[in-house]
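Two complexes, one shared chain (chain A), two partners (chain B, chain C).
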Partner chain A sequence: MVQSIVLSGVAIGCIYALIAITYNVMFSASRVFSFTAGTLGMLGGVLGSLFIARMGMPVAVGFLLALAGGAVLGIVTEIVAVRPVLKSLDQHLYVLSTLALALMVQQFTAIEWSTEPQPFPRLFDIARGEFDQQFWLPMLACAVVIVGLELLYRHSLIGHAFLAIAEDSFAARALGLPERGLRMASFALAGVIGALAGFAGGEMLLAFFANAPMLTFYGFVPVALGGMGNNRGAVVAGLLLGLFQQSANFLVGGIFASVAVFTVFIIVLLARPEGLAGSALRRRV
Partner chain B sequence: MSITRRQVLASGAAAIAGSFVKPAIAAKEPILIGYLPALTGPSSSTGVGINRGIQLAVQEINAGGGIDGRQIELITRDTQSDPTKAVNGAAELTRGQKVSVVFGPVNSGESLAVVPLLARTNTPQVHPCWVDSLTDPKKYPMCFRNAPTNQQIGGAANRYVVDVLKRKKVAVISDTTGYGTASVNAYVPMLKAKGAEVVYQGNVDAANPDLKPELLRMQSAGAEAIMPWSVNAGFLSRIINTRGQMQWDVPIVGQTTLGSGQTQALLEKPEYWAKVYPNNFRPVCSAADGKLSNRTDAFVDRLKSAKIEMGDTLLWWIALGYDSPRMIAEAMKNVGTEPEQVVAYLNKLKEFPGVYGDISFTPDRHDGYPDDEVVMVEANSLKNGSFRLAPGYGS
Partner chain C sequence: MDTQATQLRPSRSNVQGTVSTLSAALPFLALLVVGVLFPLFGGGYWGVIATRACVYWVLVSGLNLVVGFAGQIAIGWVALLTLGAYTTSVLAAGNVMPALPPYLALAIAAVVGAIFGLIIGLPALRLRTFYFAITTLGFATIVTQVALAWQSVTGGGVGVAGPVLPEPFASQWGFYYFCFGLAAICTWMTANIAASRFGRALTAIRDAEVAAEASGIAKPALLGAVFLFSGAVAAVAGGLFAALQSYITPDAFTLDLSVLFFIAILIGGRGSILGPLLGTILLTVLPEFAAPLVAWSTFLYAALLLVIVLVIPGGIAELLDFKNRRPLESDRAIIPRPDLLERLLGTTPDAGALTLQQVALSFGGVQAIDGLDLEIRPGQVHGLIGPNGSGKTTTLNVISGYYAPQRGAVRLNDTAMPVLARHQRAHMRIARTFQTPRIVGSASVLQNVMIGGTIDGEGTFVESLLSLPRHRRDEAMLRDTAMLALAAVGLERLAQVRADRLQHSELRFTEIARALMLRPAFLLLDEPAAGLSAEEIARLSALLLAIARAGTGVLLVEHHPDLIFDICHYVTVLNLGKTLAAGTPAEIRSHREVINAYLGA
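So, the complex of A and B:
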């Protein structure tokens, strides 16, 4: 039983963590919490199933096309739902604009794809076992993203530019950095990470349009717990959320498991409003 | 009292008008039947199947001369699986089109909105929705159900688990939808009344990707049968897949969606579908030898000759659709199209011979489907929309 809790808990936690990183990458570039993060995850699963299972493409081609689809939606999010409201961030209009776009994509998927969950293909033709690919694929994807982002942000010029925009967009622009282009690149990157989450977790979550609100919701919890914009905090909080959720499923089961998860979530936020790994926001007066 | 020549002429003219003009118009005018299927939208698979049967039946009735020489005209309003659109469609059918009878909606969510509305418009209604409260001869005296109720569906599954499979320790699980929770709340007391012990009872979010914790809890509680109540193919397939992964040899008995093609498509291995017993209806199921009843066999032949596809839907949906206009037509052939007369006829209907089942109503009971025709079938026997009866039923 412990093995089952750990395996599925860590796997689901990795998917939540990847969605949380998707939120964070978009937030860092724009100071906007885009609620299309869960939709990107849903789309990764649906596109993967569409390209590989329905259209019969090779896994590698389907994988790349699914990620490309995520990148396109990321860019569309920036252009349609984020850029127009950047000037009035304090009015939080992005909540409406990003939610509206997410709902449109979700409904379009329901109409054009299916309102029923569809199977996601087995990516590797190997026998099922306890440590099955449906568990280790999300873990591998999460590890690749963490390492990749570390390398990008620390060892590449464009990564430094991303960090500069995240730190102070006005100063970065004054130094001649192409803020708009970098922001679009960040949203494309977030789209790739979100789609990767849905693709890697496709076998667990299935290719289902209703995964979008579920991922949007549970993906936001690690963001709040881990500290906004803090990827390491998001990964730790995502893993803890997955493990806690599975433990609650075993111990109390049913809808009480969700109640337990959100009770702990509220208690943590009451104790540390800035999140477990976040630092209190200081306002200069 | 004296009679003037003018009075004689006037009454003569009226008699002539009454004997020639009125029947001439009546013979030409079609009988309008309002029809509210969900042909598009998220819950349209039922409506699409039912629609195939309805269209065939109306074609056959009209080809046979209609009802006393009058053709049936179906006035269709697609509800798009949306209760609001169903209400708009019902209002337009009754007030704008002035239909004689309404068949539908075919989904409970839409019927919950439409039944009270039609009750106020003096329009007879026949629908096939399962939610128990959707018929009530006192509140809705013109509304009839030619399909089972949720009580009958749950009762059949409970009888199969307790009486046929002889399992006394049962796990009852549903998703968190209104249908799921209402089903568990209704069926658990029924199971207990039959002497079963409900060792696990839970409502689980259908989006939960891992149901192994729930099945382990069932197993450790000693469950001998799992009864899931959900129309979500993803949720049901996860239960079946997890049982297979755990190599837990326990029957799964419950909702018809357990046997749907969508559930089948989500199974990790085809053999996981063994020992899965969904609800179905005896007249449209084959016996252990694979043969359908003579009446159903003849119906399938008619479907084949009309080139109606059966492989992507369920036979009971087509049969239900086929029976509904025939039942309404029989009432109108006998008593005409006046609402009160149609309702009075249906109130006394006894064993209308449908392909889907023999339907009977009384003034106090507008649920027409017989209890013993609701059965369980073997999910993995699905062929051309029909299933084989589960082990334990006589032929």
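So, the complex of A and C:
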């Protein structure tokens, strides 16, 4: 019993962590939190099911196409909902524009795909039980993304450029970095990570349009608790969230587990609005 | 002659006020007439639509104060509709306890809604925009889940029957008039708040939070009152919604509904009552005209939201604002009337001196202020000069409570001032202006200045809600004082103009007028001459001297040496957070170190 709680907790925690990283990658490039983060996760599952189960494509092709779909939505987010409102960040219009885009994609999916959860295909025909792919796929995806991002940020020129934009976009632009191109690349990367989260978690979450708001919320919890823009904090907080949610699920039942997660989230945020690991004191006057 | 003119001025503004109130009320009266006569020409199904629009508006009117006025992005307000619907239905149906009369059930729902409105809303005091939006979203999800799971009470997925109001409100039109009446009352109440010092304070919190704090607006109490009200009306709307649906299941309360409420406000325009009202009607009726598109309605709402945000962030209200499209005179001058200050400020009781003793503050490794002594006396202009980064604005921020000094103390009349209690500065009659003017751009200049006098009102939130006599007295007093303050700084002709149409120099004088509303014992000015022409600086000098003559102690942070040496009684020169020199302007001008370090002559 404990084993299955830990397994499913870590697996779902990895999905939350990936969505949190999606938020963070977009945030680093633009100082904007986007409501499309959870939508990307939902889309990864739906597209995977669409390409592989419904259209019968090979797993590898369907996988790549699902990720490409995520990248496209990431770029669309940047062009439609982020770039036009960047000039007036202080008015927080991005909250509304990204919310609008997320709802449009979500409703489109509900109408054109299905309003009911659809099954997600099994990808590999191997062992079930404790080593079932629905547990290790999200873990693998999470590990790949973390290692990949570390390598990208530390050992590649474009990664350094990403970091420069995140640190100080004005200075980066003054140095001649193509800020707009890098921002679009970041959003595409975020789209891929989000879609990967949904694809890897497809068997657990199913291909369901309502996963979008669910992931938008639970994926943001690690961002808030781990400190914004802090990927390591996000992974730790994501795993804790997954474990906490699954144990609460087991101990008090699904509904009160959600209530418990929400209550803890609010209390921690109220006590430490800058997150458990973050520190933020901005000059206002 | 002169005094006659000044006596006439307030009354003229009153007449103007009455005329503009009437023309502003006209659309509401038209809607009232249409609403009352609606059963004469609306068929049965349209009656349901009209009732639904009324029910939605009861909720949106309250949410409008949260979203449109206070600028808090509360997306999940549908949670309160759900809560109200279930509370009313369950109590009226008698699932868990003996059935209650529907009106009592509605009233209890209102109380429950108010409490939960406060609970959902309170995180707004600590959390930034997106965080708050997400918490309301999470709350909405959870309420629906609980409704689904708590089968013994809510009936789970099967649902529960809605309440049925007794005669005369049981029939379709009877119920319509009940909802319409409530909607009308909500319109009236929120319009009262919008036109009160509370409404202006909310817009100040939204657009110019530091200015709100400097004017003594206590955000927790104000937002708390708004969340209570908004939660209560949302829950009542929920009860009516349940009665209209006659049967409710958790499916009825999707996030789509929440989005509809939210978008109605944004389409209407922030800070308006009429706009969101029209937006609500529009969004309720729109799907009926496009029947094949009903499935796509949420998609269309979302698309509409995107277009509104990107194309007309001001919403319908801005499109309808013809008055502010007339061009302003181009060659207008700010001509202050220092002679009015005496009437405006009265005789300020001697507040003692404002002193800083050995104040020190560092940020990381940077010593911003390092053992600073300062004494600002009533009736004097005290200049604070120094190169960039010498700690001038930091000093101002320590006095107004943004930073707690790490060493030393700030004292007013020998009592230590509470640390970091920013909005209490206004109660001690310490007013300030900002380096970049902090103004509510969408409000008129007059309303902006009235914000400065918020703490002088005596009526409570409830009194304003119901437009009781004390509220009306407050408003008349604030309007007259603000007109006087505007006349004193020379901006009375622009009183009715939207503040974001003003020039930079005019905004600086607007800020001074707002600060004067406090009848300040001490006035802290952060580079008031920046961006002003030579002529305007001369007028500013005369104004500041007159303010000091009226008994106010003025602390002037400035870069313009001319202004400092012309009007200051005493000057402190800062360098690297330390006092480089202090004395009369004449002494400073001949101080060798100052000449070397700063004046560079």
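In this section, the second predicted complex is superposed on the first by the 280 of 285 C-alpha atoms of A that agree within 3 Å, B and C clash if a C-alpha of one lies under 4 Å from a C-alpha of the other, contacts with A are read in each partner's own complex, and residues count from 1 in each chain.
Keep in mind that, in the parts below, contacts are C-beta pairs under 8 Å (C-beta built on N, C-alpha and C of every residue); 3 or more make two chains touch, one makes a residue touch a chain.
None of these values were measured; they are calculated from a predicted model.
Chain B and chain C, once both complexes are superposed via chain A, clash. In the superposed pair of complexes, A:V6 makes contact with neither chain B nor chain C.
Of the two partner chains, chain B is the only one touched by A:Q246; chain C is not.
By the touch criterion defined above, A:A68 lies against neither chain B nor chain C after alignment on the C-alpha atoms of chain A. By the touch criterion stated above, A:T216 is placed in contact with chain C alone, chain B being left untouched.
Judged by the touch definition given at the top, the superposed model places A:L99 against chain C, while chain B stays out of reach. A simple residue count on chain A separates chain B from chain C, and the partner touching more is C.
In the superposition on chain A, A:P119 makes contact with chain B only, while chain C stays out of contact range. Legend: residue contacts after superposition of the two complexes on their common chain; A:V85 is shown touching chain C, with no touch to chain B. In the superposition on chain A, A:S258 makes contact with both chain B and chain C. Of the stretches 7-15, 97-105 or 151-159 listed for chain C, only 151-159 runs into chain B once the two complexes are overlaid on chain A.
The interface of chain A with chain B overlaps its interface with chain C at residues 214, 253-255, 258.
On chain A, the positions that touch chain B within their shared complex are 1, 4-5, 8, 12, 110, 115-119, 128, 201, 204-206, 208, 210-211, 214, 246, 249-250, 253-255, 257-258.
If you check the complex, the residues on chain A that touch chain C are 33, 80-81, 84-85, 91-93, 95-97, 99-101, 103-104, 107-108, 111, 213-214, 216-217, 220, 224, 253-255, 258-259, 262, 265-266, 269-270, 273, 284-285. Those residues of chain C lying in contact with chain A across their complex are 73, 75, 123, 126-131, 133-135, 137-139, 141-142, 145-146, 148-150, 209-210, 255, 259, 266, 295-296, 298-299, 301-303, 305-306, 309-310, 313, 393, 397, 400, 402, 434-435.
The residues of chain B lying in touch with chain A in their complex are 41-42, 176, 202-205, 207-210, 212-214, 216-217, 232-234, 237, 245, 262, 265-266, 268.
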